[in-house]
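Structures given as structure tokens follow.
Shared between the two complexes below is subunit A, which has subunit B as its partner in the first and subunit C in the second.
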Partner chain A sequence: MDWLSLLIFSPILGMLLLATVHRKNESLIKAIAVSATALSMVIAVLVFVLFHQGISHAVSYQWINFGHDNIVFLLNYELGVQGFSVLLLLLTSVLTLLAAFVATFQIKKNLKPFFLWLLIMEVGMLGVFSSENLVLFFLFFEMTLVPMFFLIGRWGDRERERTAYRFLIYNGLGSAVLLLAISALFARTGTTNIALLQEIMANEVQGSAAISETFRNGILWAMLIAFGIKMPIVPLHTWMVRVHVHAPPVLVIIHAGVLLKIGAYGIITFGAGIFPEQFAQISTFIAILGVINILYGALLALGQTELKHVLAYSSVSHMGIVLLGVAALNQPGYHGAIFQTLSHGVIAALLFLIVGIVHSRTQSTQLKDLTGLAKAMPIASGCWLVAGMATLGLPGTSGFISELLAFLGLFETEPILAGVGMVGLILTTVYVMRIILSMTHGKHTLKPPTELRDLTHSEMAPVFVLVLLIIAIGVWPSLLTSTLNLTVQTISIGIGG
Partner chain B sequence: MDIGTLLSYPWEIMMPEFIILIAATGLSLTDLFLPSRVNRRIFGWISAAAVLAALISLLTQAGSEPAQILHNTYRLDSFSISFKALLLFGTLLVLLISTSYLARSDVEEQGEWYYLFLAALLGAMMMASSADLITLFVGLELLAIASYILTGIRKKSAESNEAAMKYAINGGIATAVTLFGFSYLYGLSGSTNLGDISREISALSADHGHALTVAAFIITFVGLSFKLATVPFHMWAPDIYQGSPLPVMAFLSVVSKTAGFIILFRVMLSIFPTVQGFQPDESLYQSVMIFVSIAAGLTMIIGNILALRQNNIKRLFAYSSIAHAGYLLVPFVAFSQMMFESTWFYLLAYVFMNLGALAVLHIIISENQSAHISGFAGLYQRSPVLTVCMTIFLLSLAGIPGTAGFMGKLHIFIGALFADPSRYVLVSVMLVTTVVSYIYYFSIMLHMYMRPPKRYTKITWPIGATLTIALCVAGTLLLGIFPGAALQFLQEYFWFNDMFTLN
Partner chain C sequence: MCDKLLPYAWLIPVFPFVSFIMLLAFRHRLQAYSSYIGSALTGLSLVAAIVVWVTGWSVQSVQHTGVWLAFESVELQMGTWITPLNLVMLNIVAFISVCVHIYSHTYMKDERRRSTYFAWLGLFTAAMLGLCLSPNLLQFYMCWELVGLGSFLLIGFHFEEDKAKAAAKKAFIMTRIGDIGLLAGLILLYWQTGSLQFTDIYTVISSGELEAFHVTLISLLIFAGAVGKSGQLPLHTWLPDAMEGPTPVSALIHAATMVAAGVYLVAVLHPLFMASDTALTVVAVTGGVTATVAAVIAIAQTDIKRILAYSTISQLGYMMLALGSAALAAGVFHLMTHAFFKALLFLTAGVVIHHFKTRNIHQMGHAFSELRFTGMTFLIGTLAISGFPLFSGFFSKEAVLSAVWHDERYLLFSLALLTTFLTAFYMFRLFFIVFMGQGKPTSGPKKALSMALRLPIAALSVPAIGAGFLYTPWFSAFGNWITQWQTAQIDPGHEVPWWMMPSAIMCSLAGIMLAWVMYQKLRVPLRELPYLHAFTLRGFYMDELYHYTIKQPLQFMSTTTVYIEKFVVETVMESSSSFVKWVGKYGARLQSGQVQTYGAVGFVGLSILVFILFWTGGYF
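Our next item is the complex of A and B:
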């Protein structure tokens, strides 16, 4: 059975149901949205379980044939998963469910279009991680662009429209570069199937006319730029900070939790996966970029006076660790990069979930307004502490494992850069402690504590799920490694590490 | 030539043209004798039926052996059949929009309206099926003159008159330039037959034909660029689109543009690929493509950048149509084996998405009596279905995956990068300008979804425009998700190389 197609297109059922409901009937809309995303999550879990039982999920149907006579450009509808992508599918479906759930009480107006866009975006995100073919990947990749534009532009804060355009232009340019790379690969090799491309690149004699060394490097650079915008890599990050700050917090759960991860996924699976030799040649450069990301993000996070800015730069900083892990070119490095991708997805989701909750109470996210919350909101503050500790990589949380592995890998190959990168971790501790201490301790200045309600029951559910996930991955990492081993081996064999 | 020889020609290959000709003549005579109080609305449906009949008879010809009559002044090959199908289909949709437009407009000559469209279509079809400079030019003029009148058909509107005047003057200049280019071709070869011209020019040795041949190419290209609305003859489009009635604008931006590409392909590809170029191993066609690629790049850049500043939605679509003409020049420049497929597919996608968007535009403009972009404000609250349709057309025009526009662009990219040499620069320009185009296409969506409406009255759906929108939504989505059907049709029934045989 074609479980992956079922998974990808399962949100469409919810969309069809939503389309028939009147927009004033809010409780029904909420129920449909949450159950639609829950359905996708159930299927994702099923896909995960079946994957562990050894079912490959690979499907392929003939789709389009460009060209004529003797020129064949065959494009198939090909889906499949490996260890990394199956985990990302799981992450996507869980975070979308949580976001949909949180949106039911955080989004106040125009609920119907909000959930419609959210469900379209889920189709895109699930499709991205299941595509076995670059054109299909691109198709789903762009499918996240349009909903994001509207979700930011309609439900964001005062700066929402400018932010939406900024998002559109940056990501549009990234997509354009990616499409150029994909078209060029397609035109030169006649296929966009990822496995086939890996094979062609591995077997093709170096320097042959059709696929020269320059061509490979060109494509790899194009992919680095495209995914570098998405990830983001400094200096291509400005759009992402704006989105973190001006988009509604419930959307940032998805944005920081899943969408940024597409960049990391692309660099790991396509960049390093298809062009291992070329990637190995520029690994030092990638490591330098990673270090810059870590330090730049952490330094700027230190100086911010507004909470969402701190978290946005913290995201920049943490995505640098992914780059470090990949640049290490060895198994621990890859494990670290992939772990960091997944774990940061969960941590960022938790952080923005709580930011959204706090914002709904205080109507402000300025650090000077947010003091002394521990007294009024003890449970929220406790969970905030967990999220903060995971951010700075305390042992026992998921953040620790990923940072440990990534640096372990990099110390083997680039000890100096790894040493410089470690400075970033110290800075991380400083800025995380700064926001946690100032928010939980001190005197409350904004409102009397009686007006600051602690977590409601419906808010507790998503928060606790994420806290549990962070701790579970932290104390029991083999939960993930058992799924990942094969993927990591495949990549590192290609790269010779 | 006696009557026996005349009858011995296989006239049945001209069936589609005859249907249009008979319909146009019949309607004009009926219009003449019919009392003026009789409503001419039925004319619209008759002409639409005639176009549909011509389209069907054309499709039965698909896959037939290439044939020619009258010494190659009329020929039927894969190129002509496939591109005539676009002309007929585009006109059919324009006629459908016309029926709704005329019901609410101040145009008095409703009979004339329809047979002028048919005459223009006939000219375009002759251009698709001719391999002789004289008939090509006659077809071009038939199309042009009918369009001039159509542009100015709202006699009492100053805007419409101004547009017609500008169009006639600009068109006259462009025609003169084209004819000047043709005269070089004739002077170099002593023939008006494209096959003979190609043979004669190829036979000229490099030292005394070159400069003149290049001049012939460039002058002819400049002249023809008027119909395409590409640099250097693009400036007319915004003014004339703005001033002319909306269905005429639709006709100019889709059918007339397609006809421009048809004559460009026919003349340039019949003559220049066999002529020796500047370098020993390339044809003259490839040598002069640098000029065309600069023109294409500038067209994309100018069209998309200027579209950003438009508040008038008709002008915005005029610049957008300039930009799309630029995209369509890319396969022409790349000259790969896939150029015909790329162009045909993109034009088909363009017919669907642009005519669909213009049909929506017609509804909006006639609701608001103004073409300002704010007419779209709050459309989502007023009519969610219309908004979703428009969103699909806009996404397709912007080239977002899942729509016909994306598949068309992907096809062009693959062709251009597959070509030797790969056109990386041109493809990059196309990609970047496409991203620029996101800004103005999305700004329309922003109005539709996020601005409050001025009033909450329900939108009425006139039948002709509704039919067009439904067909176009289906086409845009089908070509975007299952383009295989259209591509397979091309692969099975058409062999574009037969354009170069049978001379």
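Our next item is the complex of A and C:
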């Protein structure tokens, strides 16, 4: 049975149902949206369980063929998952469900179009992580851009329209570069199947013309730029800071939790996956980029006066660890990069979930306005503490595992750069302490404490789910490694690690 | 017997952890019972620790581990490890934690957030016990960080006070700086030895396969962690500020157990440090200088808890000095005696602070007549820390001194001897001012101390007096027990020069006498030396130094980056998006509606394509 297609297109059922409901019937709209995303999550869990039982989920249908004589261009509808992507599918479906649930009480207007866009975006996100074929990947990738553009532009804050355009321009540029790279690969090799491309690059089967080093490097660089914008790599990060700040917090859960991870996924699976040798040659450069990301992001996070800015730059800083892990070119490094991708998704989601909740109480996210919430909102403050501690990589949280593994990897191959990168961990501690203490400690001055309600029951559910996920991964990382082992071996065999 | 029980040693940290979870989950419902739950569960873990001690005291080193995280070449483990060194630490931590739990029952009875307080205590105790049981450096590091979290939470327990907030922040960041060094060190060690298990590390070190450079680098990085946690110079400034936490917390965390974890780290990796002379020297010098400097600063302090905090720093310096002088047993022994008498001093100080409602010693006085029990027990602690003959501190200090002498670092030896004098002086200054000084008796009705306060104090007084007899120049069982398992060598038990003991006694008696003359007999007014006094009172202006050399440059760098982001990166990036707009604007003009132009452009384009097709001969 084609579980993956079922998973990818499952949100469409919800969309069809939503289309039939009147836009004033808000409670029904909410119910449909939440159950549609819940359905996808159930299927994603099924996919995960089946994957663990050894079912690869690979499907391939003939789709588009053209060419003449002996040169045939095959474009199939090919889906499949490996360890990394199956976990990303799980992350996507869980975070979308949480976001849909949170949106039911945080989004106040135009609920119907909001959820319609959200569900389309889910189709795109699920598709991205299950495509076995670059063209298909690209189609799904584009499918996430358009909904995101409208979601930011309609439901964001005052700067929403500028931000939406900025988002579109940068991601559009990235997509253009990616499209060029994919077309060039397609033209040269006649396929866009990822596994086949890996094979071709490794031993040039099928008697295809020799693929020059320059060509490979060119494509790799194009991919680095395309995914570097998404990830983001400094200095291509300015658009995402705006999105973090001006999009509604519930959307940032998806943005920081899943969409940015496409960049990391692309660099790991396509960059390092298809061009292992070329990637190994520039690994020092990648490591330097990673260190710059960490330090630059952390220093900027230190200098901000508004909470969402701090968190946005903290995301920049944390993506540096993914780069460090990949650049290590060894098993611990890859594990670290993948763990960081997943763990940062969960942590960022929790951070922005709480930011959204706090904003709904205080109507401000300026650090100077947010003091002493611990008295009126002890549970929210406690969860904020967990999120902060996970951000700075405290043992027992998922953030620690990824930092440990990434640095463990990098210290083997680039000890000096790893040492410099570690300074970033100290800076992280400083800015995390700043946001934790200025939000929870001290005396609250803005409003009487009676107006600051602690978490309601419906807010507790998503917050606790994320807190538990963070701690579960941190305490028992084997949960993920058993799924990941296969992926990492595939990548590192290519690189010779 | 020991085969059956030792595998269950993991239960020791689980009990307090259960208390943490319970009290946090049901903090309102269990509010009234929180102290009982906390004390009972910590008590269980003390019982378990004692059982493990009794069954495992003859054991050299027993591990029970399981795989925690494994992939291809890497395998990381978790579990328990029982060695004489661990047993000592486990029992000290569990014992003092129980004392502090019981003491807190009365001390924190008016606190609105009692459950939270006991929950954090449980978290701390669990992490600390887990740290002591760690069979490898990774688990050690994880617990080490969690211990830091517990300390952070408890220092900032009164979260509404700005001072507590600042102190918690400072403690966390300062220790974290050292921790990053430790993390780097342990990763490097992993790549050098291929394992993080302590036993494997010992094997690799004893084989002598490691390069000297690596050994030195790794041990110095690891020592950075110990410096941060144990409040050694130059990362000590967080510890005096940490006194903003509730006093029982200071007794448990910032005197007896957590700050000693750094010493324990150096002790458990002693073979590594022994393999590098440079590392040993750094440890010894850091310890010696810290001991003296902190003692000098303590003389000028007026806050009772800050005096005790500086004295903790100074005593931890002693332990480091001993370890740096290749004397594992002496260092660990001083750790043990110090844990008892310093916890005792803090708990009695808590009663004094509660009595006078202030922490400034000049607003106290005459306490001995009103607080007889407290005065007596405080005196026991003071005599022990001053190295008064036959009290516990006397023997451990003796062991440290003879180790340093034996190591032939005579400058450090004289610093240590000077510190003995200074310690006796500032501690008796404190004692005479608070307990014997002229102060008007407080007017409040006299109330007998509750049992929950008396019991822990009494329980701590016993080892504060007697624990010293475990390891004396004529009885070295403790020393052998502590050292033998690690290196298979018996504690050398140095030949002590005949004048050692008398001179140490002379130093401490001289300190006591001077304090008596100055503060009891003559009642010297303070601030006699204006600049020097201010200099020492402010702790040699270390905070100010850091403010100008680290904090401000960091702020400057961060502001600079913000400007770079704003004016360089944003501008460049902005130009790319304005380029798109420009293309759109001028591109739109092409659509002029003139069919001739369209046709011309289309023709030119087609001819170029055809040309390319013929030039390349098909596909490119």
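In the analysis below, the second predicted complex is superposed on the first by the 487 of 497 C-alpha atoms of A that agree within 3 Å, B and C clash if a C-alpha of one lies under 4 Å from a C-alpha of the other, contacts with A are read in each partner's own complex, and residues count from 1 in each chain.
We adopt the following convention: a residue touches a chain if its C-beta (ideal position, glycine included) is under 8 Å from a C-beta of that chain, and two chains touch if they have at least 3 such contacts.
This structure is a prediction, so every number in the text was calculated from the model and none was measured.
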{"item": "Overlay on subunit A: subunit C relative to subunit B, clash or fit", "value": "clash"}
{"item": "First (subunit B), second (subunit C), both or neither touched by A:173", "value": "both"}
{"item": "Which of subunit B and subunit C A:374 touches, first, second, both or neither", "value": "second"}
{"item": "First (subunit B), second (subunit C), both or neither touched by A:442", "value": "second"}
{"item": "Partner chain(s) touched by A:22 [first = subunit B, second = subunit C, both, neither]", "value": "neither"}
{"item": "Subunit A residues touched by each partner, larger count belonging to subunit B or subunit C", "value": "C"}
{"item": "Partner chain in contact with A:187 - subunit B first, subunit C second, else both or neither", "value": "both"}
{"item": "Partner chain in contact with A:63 - subunit B first, subunit C second, else both or neither", "value": "first"}
{"item": "Partner chain in contact with A:296 - subunit B first, subunit C second, else both or neither", "value": "second"}
{"item": "Subunit B versus subunit C as contact partner of A:73, first or second or both or neither", "value": "first"}
{"item": "Partner chain(s) touched by A:481 [first = subunit B, second = subunit C, both, neither]", "value": "second"}
{"item": "Doubly contacted residues of subunit A, that is, touched by subunit B and again by subunit C", "value": "71, 165, 169, 172-173, 187"}
{"item": "Subunit A residues within the subunit B interface of the complex", "value": "63-69, 71, 73, 113, 135, 138-139, 142-143, 145-146, 149-150, 153-154, 161, 165, 168-169, 172-173, 175-177, 179-180, 183-184, 186-188"}
{"item": "Of subunit B, residues touching subunit A in the complex", "value": "337-338, 341, 380, 395, 400-402, 406-407, 410-411, 413-415, 417-418, 422, 424, 427-428, 431-432, 434-435, 438-439, 442, 445-446, 449-450, 482-484, 487-488, 490-491"}
{"item": "Contact footprint of subunit A on subunit C as seen in their complex", "value": "24, 67-74, 138, 141-143, 145-146, 149, 156, 159-160, 162, 164-165, 168-169, 172-173, 176-177, 180, 183-184, 187-188, 190-191, 554-555, 557-559, 561-562, 565, 569-570, 572-573, 576-577, 580, 619-620"}
{"item": "Residue ranges of subunit A in contact with subunit C within the complex", "value": "71, 165-166, 169-170, 172-173, 187, 234-236, 238-239, 296, 299-300, 302-304, 331-332, 335, 372, 374-375, 382, 389, 392, 394-396, 400-401, 404, 407-408, 411-412, 415, 418-419, 422-423, 425-426, 429-430, 433-434, 437, 440-443, 477-478, 481, 484-485, 488-489"}
